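Got a structure here, written out as structure tokens. Questions coming.
Order of writing sets the chain letters: A, B and C. Residues in each chain are counted from 1.
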Amino acid sequence: MPGLASIAYDTAHLLDTGVLLLSFALLYQRRLFGVIKTYAYQALVLAAAAAWQAHAQDAPHLYITAGLALVLKAIIIPLALHRIIVSLNIHRTIETVIGVGPTMIVGMALVALSILLVLPVTTAAAALTRESLATALSVVLLGLLMMISRRNAVSQVVGFMSLENGLILAATGAKGMPLVVEVSVAFSILIAFIVFGVFVFRMRERFDTVDVSALDRFRGERRDTL
Amino acid sequence: MLSLAGGAILALFILSLLALALARSSLAHHLVYGGSFAASGVLAGAALFGLGHSGPAETLTLPIGLPWLSGHLRLDLLSGYFLLVVNLLAALASLFGWQYGRHEKEPQRVLPFYPLFLAGMSLVVVADDAFIFLLSWEFMSLSSWLLVLAAHEEMDARRAAYVYVVMACAGTILLLLAFGLLAGANGDYSFAAMRTHRLSPLLAAGVLALTLAGAGSKAGLVPLHVWLPLAHPAAPSHVSALMSGVMTKVAIYALVRILFDLVGPPQSWWGVVVLLVGGITALLGVLYALMQHDLKRLLAYHTVENIGIIVIGLGLSLAFRAEGLAALAALALAAALFHVLNHALFKSLLFLGSGAVLTATGERDMERLGGLIHRMPVTAFTFLIGSAAISALPPFNGFVSEWLTFQAILGGALSETWVLKFAVPVVGAALALAAALAAVCFVKAFGVVFLGRPRSDAARDAHEVGRVMLAPLAILAALCVVLGVLPSGVIQLLRPLVTALVPEAPVPLEGTSWLMLIPLGLERSSYSGFIVLVSVALLAGTLVVAIHRLASDRVRRGAAWDCGFPDARPATQYTASSFAQPIRRIFGSVAFGAREQVEMPEPGDVRPARFEVAIGDPAWDGIYAPLARLVAFVAGKLNATQFLTIRRYLSLMFAALVLLLMLVAVSQ
Amino acid sequence: MRAIVLELLQLALTVALAPLLTGLVRFVKARLNGRRGPSLIQPYRDVIRLLHKDVVLAENASWLFRVSPYLIFTAVWLAAAIVPTFAVGLVLAPTADLIALVALLGSARFLLALAAMDVGTSFGGIGASREMMIASLAEPAMLMVTFTMALLVRTTSLPHIAEFVLTHDVGIRVSLGLALVSLMLVAIAENARIPVDNPATHLELTMVHEAMVLEYSGRHLALVEGASMLKLVLYLSLIACLFVPWGLALEAGDGRAIAIGIASYLGKLAAGGVLLGVFETSIAKLRVFRVGEFLGGALLLALLAAVFLYVSQGL
């Protein structure tokens, strides 16, 4: 079915999958700068996706979502993270991941899982919504995967924020959240980011590392070291 | 035809008794191998004749058997096809063994059991009731176990035989249980009764699980493969060829017979289970194979891989059938059955080739071979063809069946089931990876054994083996080429067979002519090994003539260039282990917990540097070792019962009797 | 008759163009590096010079070493004759579909790796080992690309894929884009280009292809080098046929359509060559053991392509 509807659909699909692809790229990155750059790209594509949905669904409040994503996530947060890394002098840190290969395989399995989960239960919804939901759920799961497969606090923060990108993606696909929710989510992210930033600085100060496994030693109950 | 086949099988049994009587005399040697060759030839001929004249299935009732069940034999198309595969290879292996077996130190440990092994395998595929089936299955298992024990003075062989007999017995018990479920409460153990007996879904699932485990342990499905790479190489090479090339196919026969014939229409999830088991088996089999440097063990692990490929085909067929995609089901089944024949051919060829190398050099360790292409040209050439065939390279036969499997996999995209939709591409990627890794492995095997410079005196002084041993190699290599270039003959054999097993399907591979293989229609895909071979020959011929005429045809010999630093020591060559290093780095830590240890002495220290690689089999460490510990623990606890008084033993028996009686009372 | 003529034309065209394409890539790279670089036709001169030289054979080289170059070249040549480059309806086209085509190249590589191990030098072994490692990872990715195409167009026969893409409104498909990127990564790895291998170095321990052909000389070397030039043409033609078949002369095409086909084919090859040169200049060589991740990425993209196609077909 060629025509306008088809183009709207194809473009939205393209942008959604672009966000998902960048989630994989996040998992693939080993250097912190690479991680941040990829995150910025993801936010950029997310902004484009939101803007396109605003245009296609004729829902102007989604433009605000797009603007928030663009300004906050694609510019401010990456710049701030960049400064944190430079000032902590950890920019040469190469991630010790579980291994890129296994992470990717798990990631693929998660994508398959979310498609298997979303597509059959939402048969009533419009095609585009269903796919956006499937993609968004994959992005969320990949964000979680990034948080558990990384040791470095900075990349855990990025994983968390990429997870939140997935939520926004889901919201744009489903004709958007109410504006109030939208704005408050954006600001809670900002606050979370600030908390994380403070946390990372304090951690660096005290333990001389941003490897969160250093925290394990200071838990109440000691793990027995055999 | 069936009575002729039965007679030939009987002759094999008699040969075995004769060999026992004649013991060490050289007459026994000629009698056994000559007789086996003749009997297998007769059986193969009978099978081929039976396949060609597709009338109704022949049956034969034997006077022996259980009191309430006389023995049944039946020769239908499926039996006929497997009988052909078994005996074609048995005849060639007997020919090889005729000369190879002369070097046997203790022939009385091989000769009586060899015909018994052949008879057991043939009898399994024509059995028509569970009793004869399991009896001959055990003949096959135990005689091959005794053949593994032929080299009983080697510690490895004893250990292999021990693991083998444990696995074989466990497998038989599981099959027995599967037949028990199939027969149902009435307990009619003839296959004819099982076909009409319909099972509840739960019981049918039980049959699937028991069959996969029982027949799968004989075939070498992961994680039941652990005995296979130990036992197959330990036997004499012609027996290894039969165990690896043929006995595993008898296990595949059991799978096909039960899952496609006896148990009735499949449920939708069966195919996915079988498919995934096949995919994992194919991939892990080839990865393990890559890590080996014992030539025969490498080949045995490749059997695991190829069984995986066959099982992928079977799983696809089951899944498509359950979903109503009958044409694809027929294609997948045809691909799997074709691969049965192909694998039997090239695996036997490779095992016999390794036997020739073993005869000539006394070495199985690849790190001590090399350069044999100069010393053993015929063996090298046939081994090369076998290597290319097993690596699924066109225009050889291995490629044809793997290509057909791929075509079925691509059809899987049409499936409506979501699980299958996702399983199929993943299995497809695994199959492609397995095929590509097989090529890596055989570049390694052929390159290290036959190419380069000899790494030991034994390899340097090797001589080509005798003509009687070379003849089967040449015949098998020729078959690998012919079936790859002109596969339509086999397709014609397979068509009625597949139609019989998947009756709802149209004729599989309908458009196929002698020239062109067309699985689903010319607009979908096509392949012609014949054109590939002919065009390569024509183009290469033109090229040779043109270059030699127009440019230059002179050749000078000189020292190897090697970037200006040639080193005369053969130890500077790449070894089998170093060849596999990149693959080990990539897959090693995940697939087999490979650990590399480098010990580099400080400068000034004169100790040699050491490099060690440790590889484990996760199936062994994760499943069998805990299981063995559990068995040892339970046995230790039960040990106490060995030291009771007679009165206590009697009271135990009494208690058991009362318990059983109570069970009967309650169940009524 | 038309089919045979077209086939002969294609056989001649691919061989004739192969050195030119390699020359073009070298030229682009040289210019981007700020060098003048050799002329475009330098590879022709190299091949002809090599053809006229004597072969110097290592002392323990076997027959396999001498036969392999001819067979390798022919296998690649035959593969190149099957891909529709400027017109569909080639007589050899039904010989192999996309899967068989890849396997045919696999045969060539198998022989090359064996030939590398024949003389028994450490370089031959290292090259063969790495080449086979790279190929074993590239092949599953290639198969997944095929799977995606088969999912979309329901065929693996090359002329039919091209016709489908030409005659149907395929639209903007994420899957096609991913499959294209994946195929490009595979092509880069298979053709021993940067960042997987460096075609320009001869004495660096990361080398793969060059290490394998180290012992070859004279006409044998000419054939092996020719085969790798031809393989580059083949992969570019394959990408063009699958993803940008526009300009291809269809079954009913007359002389004018064929002329357009040839012109557009030349254009596509030139564009591909320039792009390859730019790409190679802008990227650094990977460590050998990172190649696994590079090709793992290709496999991942191809798998995602198949998954997205499922999604967008909205079942």
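Keep this in mind: a contact is a pair of C-beta atoms (placed from the backbone, for glycine too) under 8 Å apart; a residue touches a chain by one contact, two chains touch by 3 or more.
Predicted, not measured: the structure shown is a model, and the values here were computed from it.
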item	value
Most centrally placed chain - per-chain CA mean versus overall CA mean	B
Contact pairs, highest-scoring chain pair	B-C
For subunit A paired with subunit B, centre-to-centre distance based on mean C-alpha positions, whole Å	48
Gap in Å, rounded to a whole number, between the CA centres of subunit C and subunit B	35
Residue numbers of subunit C (touch at least two other chains)	292, 303, 307, 310, 315
For subunit A, residues that touch 2 or more chains besides their own	101, 112, 119
Contacts with 2+ other chains: residues of subunit B	418, 422, 586
Interface residues, subunit C side, partner subunit B - complex	51-60, 62-64, 70-71, 73-75, 77-78, 81, 92, 94-97, 99-100, 103-104, 106-107, 109-110, 113-114, 117-126, 128-130, 132-133, 135-140, 142-144, 146-147, 150-151, 154-157, 160, 203, 214-215, 217-219, 223, 288-289, 292, 299, 303, 306-307, 310, 315
In the complex, subunit B residues that touch subunit C	370-371, 373-374, 384, 388, 391-394, 399, 403, 406-407, 409-410, 413, 416, 418, 421-422, 425-426, 428-433, 435-437, 439-440, 442-444, 446-448, 451-453, 516, 522-528, 531-532, 535-536, 539-540, 543-544, 547, 551-552, 554-563, 566-567, 570, 572-574, 578-583, 585-586
Residue ranges of subunit C in contact with subunit A within the complex	169, 171-174, 177-178, 292-293, 296-297, 300, 303-304, 307-308, 310-312, 314-315
Subunit B contact footprint on subunit A (complex, rising order)	99, 101-102, 112, 116, 119-120
For the subunit B and subunit A complex, residues of the former touching the latter	418-419, 422, 586, 589-590
